[in-house]
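Each of the next two complexes has chain A plus one other chain: chain B in the first, chain C in the second.
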Partner chain A sequence: MKIKRRDFLKLSAATGVAAAAFKGSTLNALADAYRPGIGGEAPGNWVASTCQGCTTWCPVEVFVQDGRAVKVRGNRYSKQNEGTVCPRGHLSLQQVYDPDRIKVPMKRTNPVKGRGVDPKFVPISWDEAYNTIADKMMELRKSDESEKYALMRGRYTYLRDVLYEVMTKVYGSPNSISHSAMCAEAENFGAYYTQGLWGYRDYDLDHTKYLLIWGCDPVASNRMIPATIKRLGDVMDKATVVAVDPRFTTSAAKANEWVPLDPGTDAAVAGAIAHVMLTEGLWYKPFVGDFKDGKNLFKAGATVDEASFAEKETHGIVKWWNLYLKDMTPKKAAELAKIDADQIVRIARGMGKAAPNVCVWMGPGAAMQPRGGYNAMAVNALAGLTGGVDNEGGTLSSAKIPVNKVPKYDKFMDEVAKKKTKMKKIDQRGYLNVPALSKGKSGGGVSTNNCATGMLAKDPYELKMIVGYMNNYVFANQGAERWEKALEEVPFIVHLTTHASEFSMYSDIVLPCRINQYERIGFIKQKANRYADCALLQNAVDPIFPAINEETEFPWHIGMKLKERGFPNLIDCLQDIFKDPETGNKATNSMEFTEFALKYYTAPLWDGKKDVGGDKIAGWKEMKRRGMWNSDPYKPRSEWGKFHTVTKKFEFYSETLKKALKGHAEKHKVDVDKVMEACNYTARGEMAFVPHYEAPRLHGDPKQYPFAFIDYKSRLNREGRSQNNPWYYEFKHVDPGDVGLQDTVRLNPADGKQLGIKDGDTVKLTSVSGSIQCVARLWEGVKPGTVSKSYGQGHWAYGRTAAKVFGKEARGGNNNNLIPFDLERLSGANARNGGFAMIKIEKA
Partner chain B sequence: MTQYAMVIDLQKCMGCGACALACKTENNTANRHDGQAHNFADYQHETTGKFPKVKYQTRPVLCNHCSNAPCVKACPVTPKAMYKTKDGITMHNDERCIGCRACQEACPYSKMEVKGTDTSVISYTGDEGKPHDPFYTDKTEVIPGLTSSGAEIAAKSAMPPTKTNFSHPDYQDVRRSNITEKCIFCEHRVKKGLEPNCVVACPARARIFGDINDKNSEVAMLVKKYKGKGLKPEKGTKPNVYYIRSYSNTAKK
Partner chain C sequence: MSNDLTQTALKRSDAYRLLAACFYEPEREMFIEENLCANLAGLMEALALPASAASCRWMGEGLQKNSQEELLQEYSALFLGPFVIPAQPFGSVYLEKDKVLMGDSTMEVKKIYGQNGVQHDVPGPPDHIAIELEFMSLLESRIAQALSETKQEELAGLFATRAYFFNKFLASWAPQLGKAIIGHAALPFYFGLGECLNDFIDSEKQRLAATEPLPAP
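Let's look at the complex of A and B:
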């Protein structure tokens, strides 16, 4: 008999001394022999905040002693992480106390910009910095060029509205540029054009019977890390776990089955799984429906009469079969993906048996490829076929998070602002070859990496001023060298940052900012483990050196300075629309303004005016103490019958994509085939509307560049920001196959042998785009013909630990100097997965 | 008699790194330097098989708090600096330690000098007068006058800057130079009714702490049910850290 952990702790508490506040941490039964003199932990306070090391956005608590942040745990109230965090939450402590944080505002004195060029920064006062920035902004307005100002966003909180949206629009620029397309817009594309969800799915691991992990390692990255870490061990006992990934991940090590497909062949394998499910009658009939006479007519290679099938919650199953699936046999897919065809059959049968409690966990690896849009659709279509979409033990949508929206501010937009904000954006979204079809709209989404295209071509116009915040586009975008050139040409750049990153090195003014989780103020909205949440970021500690909350304080100070220069609209707007919701008072300083904005947004969660469901929170003070609100649990099948697609059904034949593509084509007076061509897809005609396989669009001739390069995110990556922390290098080996203290490329021992490369050799990796150096590790977890390397190292700025020589020489290699520029154009997403970057490897 | 022990459930463990990092924040250990690991909690990895039939496992490691502890036997001072508490913790008294490192040499789970990211249960804090962590005594500024330095950050916060203040009669929250240091099962917490920080921090709930001599404890029952094993049984140390179940799926295709 196994005593459940919870019961054990209960027993302990019953026999023990005074229980500590934190559930799950007591061991009172064992504190029998209290030895006098053990003072234990010195007094301190746990302050609630949010970790933003990845997009799980964990509600956390920070332990503060003597005004210092010393420890971290998950927020005790969190139904997402249940009180624990992944390594990132702890690692971040070294970011707060990083020796290389900027101490004072600094100004560039060397007008020459370039990689490795010393900006010759000198200190300036905050006042001089704000004056200079306001002067530049006024200059652009005076010369009727305010559109040439761009705000480029990186890691944000939802107070972003102030800096990203309101300030940019009231000032008069269309260029609020987000980083979203770097992240996973192609993944959202897959979900949207099948189930009408432009967003990430939630996952019900507690009730799953079959977990299909595809193109990610959810115990290491993606969007519910601690909850998955907690559950995967138990899932192994009660469900089948399959990892489809060219990379041998922790999930693959834990899985019943690892499917090491060739990168970019996702839609072939997903299609073949669907093929088997249909031919063997394994689809989930209560969701998909059935043949009218009950006889399965799906036979390999044979078309089926659409009229013979009655669908229920889905649309176009027979069309998908006729257009694509009928010919995608396991044998064919296995040849394309270089895997064992038996695996495909086994997975199809296993999922059919477990349906509908099948959880299809699609990650960016399946999507963020030049031709990844249809791969993402194909993988997500399996959630439809098994009925696991929006269902128990499957993928879920999100419960509502009833915070306030940005208040109306259009009355503060003058004629210039109204005119300029309608202009085209620098990322060329909506151009024929950049459909960026977010939520069905041509140019509806951002194409972050395409900004460099627009900037270099001065099309639609040139940029003259950039304000970047918590971003590092020149490091974090593929084809980084294009950004180097693009930034060199921008006359005035402001960087709001904690560290002097690569982006700072092209900047004219750099302002020190507060670090998230510890100093920065804001809030987030997220979901995981069936619960949506809103969590605060709080200033648990004061910054050692003066630093600002850039999302609110920067617009405030600039607003003041613009008013002095005869443009009062911004500050008047901010003071007017973000009053204290409790007193109605207008803010009188930037920190007060920050708090009022935070209170305004979150008020419905704590002001008691309306029952919004979820946690009951009595007032602002209580909200700050708890630091978070949880929704009620999400109700599975809420979307069934009302999916946000054109047909309100789950679409195997995407009427929604058809409408979007036709809309985009009509805008450009061409047909859909022309759009497909412009976006580097090979499908023509009806095939454009169904999930299907296309050969990966490779950059580099395989004869010259024989290895497919696989980029992945380390479980220690706090996006690109933890590489200046010694703990990152110390524990880098927690990424399976990696080696600590170095930047590692993993290759299969057989490939190593053929190349004469040994473990530990320094190697040069070269693509059509550039070369980087790192250290080889020969590892059996690598598919021959591929190599894999985690993103993050290769900084030439950021700090002493991240760079070999700060400002000059990189430590290791940046994957983005190796991966060439390309896009998944239909979604506007950066292309970074799918092995499209072909490389050669040489001993350095 | 109580014998504190830890069980690590390898099936639940995802090898994520949270426990070792949480340990560093709790116990204020230095960054690895001068051939010493300074990780009370760490990991060893093993890959077997050939592509595509690969198996991989991560094994979290820490002081085994051996019942028959070679480090205690080797300690030459009287009374011993390395000793067993009546609860079975292998405890270190900083004051009595003379820095001879005989414990480190005797421990089959430690190395006198580590290379790369080798693990070592016992570390040496450096010769007399050496800083706790040279990373935070370095005065260089990468952009002079504009960015900070390790020394400045430490001066404005603490050494190390994330130092968790706690008190224990044998054990300093930051150990002085010229002694050895290692995991004490967070006795400063345990005696206050809290679990060791690595246990609390484990997002997988893979680390279970308790009294192995109590047949009804969770640790005793898990070890019995899953035939828990310690490391290097051939050394006869009778370790009190037990590993149960398999990291990778035993039903793997």
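Let's look at the complex of A and C:
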């Protein structure tokens, strides 16, 4: 807060008693009220917006009274959550009114960067902040180094195009870095290289007869939470529910069966289920096909003539059998996964009986491992085998969401921009050992955690400037200490964020941003519960302190400043391509620009020019009032016969992966075996093209580090951002086996006894990467030889509640200081699951 | 009413206002040019608060010694963050169970401002220490006017508002803020400010307690 008038500092006598004292002319913060200012008693109203506490992205409504948000509920029009929200929606109230939010633009005054080093931030004006940033950007342009600028994205809305893509490219950098590889790219890999879907699946719980949950806990995470909470009871009444997970999740607690497989053995168990389904003739023949003479030739250990089988909607079932499945018996898989072989048989038979209404819900736990790509394919292959893929009661694709795409902006890219945007990116995507094969293309996807590798090695070049938004890569990436070193070396970093975090500790300028659900403006596209939707994020309340919509206002203001410095391309581009679709007017200020961009993208849903199906919305005003559009329900089997694979079929033998791997190998003038070796996979030859099991790639010798560490996401995690909220700690016990008000590691009582560790003991967990401290809880819901702990705590610079001693001592432990750096390289994904982080446990 | 009482109320109004000024982003040059600390010390002496006056003089010496950047750094470290904020300047952080902004207490403060014909006109919640001090300054100036014009009924209302606002809001958390400042300040300006705030609020508490408590307006 700044003093607005100098008179405020003067004595009354100096300005005259009557004028100064009695008439209040020396007031600074207070002004005459223009209305009878009785606060706190107005009736209030519900304003539609979107919760982004997790990737369910629930359409919500916020109750606003006297300018204050006081309550949250699901959007009454939403067909995905039907007016409900999970605990995260409510928890957000403590985020928007967190007193530790950034209140003003700040700059660092201590040039030394590092953990434990106080940046000594001081407040600056918005103008100074934008001028400084624009100067730095122009310096890079003038020295022909604009590629050394990177935009690093965290939680986004779909207005992201403006900051992430248009600004970065028009300025002249190839480095638009998304966080997607931290989320679940390996999961997408599994779906893409079997069914041609690079994206998350939807789940038809209302019609399922068999729900196989694998490596996630759908009532706590994974994109359909309120709908699942509402439905799981009904599903239990009419279907079989099985949870495959080394940890005892909430879903596992309710399920008919819990399959506590050893971490990283997913493909073995999935393979054995497939083995039983094939040997017992339980596959869904209308989808997969059958032997030409009707006689089942799948016998354990025996190869089958490919010509004897006529496939329908699939490709390569016999090849998969011959290469892999014939030998993956229940007995073998049970030994590898340390589970009961009878359980595998029982599940296979149950799924066969329920086919095709089988819902295979594959989560990141099965995929986000160093060798997780094939696990993800193996689990998803069960959806193909049962005919549950893209089918009633199974997994679904998405109905179309007919919003506009980013407008063309090529003409605003000058020669520098055209040249620089073609350069290699800092995450080394497309390198031999980082294929990142998104949608079949070498280097087609991001490898977020590998940015630190590129930055540290200055390969392909040194980064000199980063703009990060709503991200905290230095906390949220595994092997977090690498990011600390990498960021220390970057000369200029800007952080656009609601709360200062570990990333801010390395930043030179921090700008306050609007918080999603309450203040931020944008839109999202999502699907759940058979419906696709587009929901708006609206400023239900004004920001308490001035803050920007970083995806639109930041590019706007920087564009203006760059123009002052002789580079008008960005602001000219923004004004030109995002006009008001109703009037054709160009924006004249940043908030108007934000609204125009939002209107431009969503116009097909409300402008009435074309019937796009789904909800009928009469105009922009109505769209804002409702806050969302629902599609018509998804039509099952829309993809059958036209899967987006090379063969247009569901591929058990992935021609699509074969093409992608060969393309990547040819680019590097090697063979596919060499690619597999570079990516730390053991498969050679044809095995690289089918889902198969590989022994987990462990970090740490099990003799020295005998416990497999399992990371999971708390149902109170608003991504990594709720740890400064007191409710997070108060209610932490809602995670099964957890205890409120502490950071808990859960270990089996048998292991506890052997180690002499009791409930409540403070323990030190150590991996090859680092050590953290937390509190032990002895609990049967974790397998002997494994421990589990939720991600989220362990902040050392986040706020009064989240950090114990600012800048120095964390509250609890960050799993990412324990989990070493590794990647699932074929997809570029972070490796964070599958128990590859081996640890030892000691009393602290 | 005597002119003395009017003048004392005006001095008290000034003291609240100048104290409020010290909680804004520091502007060293302006503070020095306007003799902020010396004037505040003079007011405290006039109000027979020697400890507060001493703290103000200490603040003034600090203002001379430390640079604008040092003052800004300390101001940020104490009140602004962006990380841990040891001396949160908002009442609700002390008065609300969950220590959040914009709590029910904040809304009540806003309501009281409204009932008295003013609203806050700076970014942030209305229960910032500087704004609450300024509101007390406004009340004291109105009291001075009512005293000078011998408006008894208005005076009673102002006394009631002052007692209610001071006791229920400002005085119920400002000492904790003062203590936090003293505990974390490294520069004399802010250390002295913490001391001055505590001494001044404490003396005001005693002064107002000496009069018969009034019901809520």
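Here are a few things to note about the model shown:
By our rule, the second predicted complex is superposed on the first by the 802 of 844 C-alpha atoms of A that agree within 3 Å, B and C clash if a C-alpha of one lies under 4 Å from a C-alpha of the other, contacts with A are read in each partner's own complex, and residues count from 1 in each chain.
In this text, contacts are C-beta pairs under 8 Å (C-beta built on N, C-alpha and C of every residue); 3 or more make two chains touch, one makes a residue touch a chain.
Predicted, not measured: the structure shown is a model, and the values here were computed from it.
Of the two partner chains, chain B is the only one touched by A:784; chain C is not. Judged by the touch definition given at the top, the superposed model places A:257 against chain B, while chain C stays out of reach. Of the two partner chains placed by the overlay, neither chain B nor chain C lies in contact with A:126. When the two structures are aligned on the shared chain, A:461 is found in touch with neither chain B nor chain C. Applying the stated contact rule after C-alpha superposition, one finds that A:546 touches chain C and leaves chain B untouched. In the superposed pair of complexes, A:94 makes contact with chain B and with chain C alike. In the superposition on chain A, contact of A:236 is made with chain B only, not with chain C. By the touch criterion defined above, A:66 lies against chain B and chain C together after alignment on the C-alpha atoms of chain A. With both complexes placed on chain A, chain A has more residues touched by B than by the other of chain B and chain C.
Of the two partner chains placed by the overlay, neither chain B nor chain C lies in contact with A:640. In the three-chain superposition model, chain A touches both chain B and chain C at residues 1-3, 8, 17, 22, 24, 26-28, 30-34, 37-41, 66, 68, 93-94, 97-104, 106, 121-123, 499-500, 544-545, 726-727, 799-800, 806-807. Against chain C, the residues of chain A that register as touching in their complex are 1-4, 6, 8-13, 17, 21-22, 24, 26-34, 36-41, 66, 68, 93-94, 97-104, 106, 109, 118, 120-123, 499-500, 504-505, 510, 544-546, 726-727, 797-800, 803, 806-807.
Residues of chain B that touch chain A in their complex: 2, 4, 9, 11-18, 20-22, 24-26, 31-32, 39, 43, 45, 47, 49-52, 54-58, 86-87, 116-117, 135-136, 138, 140, 142-143, 145-150, 152-153, 156-158, 160-169, 187-195, 197, 200-206, 208-211, 216-218, 221-222, 225, 247-249, 251-253. Within the complex formed with chain B, the residues of chain A that make contact are 1-3, 5, 8, 16-20, 22, 24-28, 30-35, 37-42, 44, 63, 65-66, 68-74, 81, 84-87, 89-91, 93-94, 96-104, 106, 121-123, 219-220, 225-226, 229-230, 232-234, 236-237, 241, 248, 250, 253-258, 260, 343, 346, 499-500, 544-545, 715-716, 726-727, 730-731, 733-734, 736-737, 739-741, 748, 779-784, 799-800, 806-807. If you check the complex, the residues on chain C that touch chain A are 10, 13-14, 17-18, 20-21, 23-25, 27, 30-31, 34, 36, 39, 43, 69, 72-73, 75-77, 80-85, 88, 90, 92-93, 98-104, 107-108, 110-111, 113-115, 117-125, 128, 130-131, 134-135, 138, 141-142, 144-145.
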